[in-house]
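Have a look at the structure that comes next, please.
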């Protein structure tokens, strides 16, 4: 079985904090990986994104899943 | 100015593919980082997530933003 | 009034758990429905998704809304 | 390997539509399942959500992944 | 029927752009509203968020639905 | 540095509520803005979205970030 969300970042759990309903998991990511961001064409053009650009992939914590 | 989404992964753009409305940006991430995943407490317990576990952070492409 | 998020799954609430800020709601879905997933073309091709395939729609809990 | 996103809805693909960057996948869901929605406590209270309520789980298409 | 996603911003459509699979809709928002952001407690503390602060609510386009 | 998520709504924090893991931030948005929603072409067509339509942009709280 494989899932369509292919962006996987391998790492080690550094901290687990449990709330009543939610939990936050800190993961130290230490291996290189290639990830794919999907944004609007308009944003890509406004930022003039092009091959070779130094960028950051930014992700809200509630969008990150954990696979073990 | 700082944004609440603190999960940032530095890398270099490998490919930009433009559609009519959307664009996909492939980013080679090459620096270690610590990221925080927020999941349900129930999932954290069912997976027995604990400090030191080897895991993957999995992210759907539509949830990844690009900062340049 | 109608909303663009048309994926609706009818069911009955089995459990409500309240935290300080968040709440988790368990819903027993019992009626057939057709739902639409939007993924990258690349993922669709890598998984060779085609009519007739047996698959699972997978959804992170924080992405599910409740309509009553 | 197991993923923290435990909401899985089994079904059969009815249609695949490919764009340049994105693809939409229609899935006929035909098996009962229990899914968990995480919303704010405030919304849960304003809607007076309680065990036994008939509700719909509503999901934006861009939030649905496909596992095969 | 009411939905748990209570953040609604009234406005007028300025532009509709159709792709093969996706569409982008530009909406001129012109009425004051109160919206609720849910972030990690850690981010709230690192940004020292407090009543009266001038801030921006930032939202990725793929997370915005349209109700008509 | 600029981020691809360009939808920014300026306002003032009205309330901060801290849970153990999550925090909810109420923001009074008081300036006009143009925001972009990305939905499926199918939804746009089913709702017959067109320039000049009075609509609401609807957003789940967990999808809203705060910039300060």
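Which chain is which? They are A, B, C, D, E and F, in the order written, and residues in each are numbered from 1.
Simple rule for what comes next: a contact is a pair of C-beta atoms (placed from the backbone, for glycine too) under 8 Å apart; a residue touches a chain by one contact, two chains touch by 3 or more.
Which protein is which chain? UniProt says A, B, C, D, E, F = Molybdenum-pterin binding protein Mop2.
As the structure is a computational prediction, the values presented were derived from the model and not from experiment.
Taking A-E and B-F together, the pair of chains sharing more C-beta contacts is B-F.
Both copies, chain A and chain F, contribute mostly unmatched positions to the interface they share, with under half of the numbers common to the two. With centres defined as mean CA coordinates, chain E is found 21 Å away from chain D.
Spacing of chain C relative to chain D, judged by their CA centroids, is 1 angstrom. Multi-chain contact residues, meaning those touching two or more other chains, occur in chain B at positions 2-6, 18-24, 36-40, 42-44, 47, 58, 60-63, 65-68. Interchain contacts join each chain to each other chain, per the touch definition above. Residues 3-16, 18-30, 32-41, 43-45, 47, 49-68 of chain D are the ones touching chain C in the complex. Against chain C, in their complex, chain A makes its touches with residues 2-6, 19-22, 36, 38, 62-63, 65.
Residues 17-20, 22-24, 37, 39-40, 42-44, 46-47, 58, 60, 62 of chain B touch chain D in their complex. Residues of chain C touching chain B in their complex: 24, 38-40, 42-43, 60-62.
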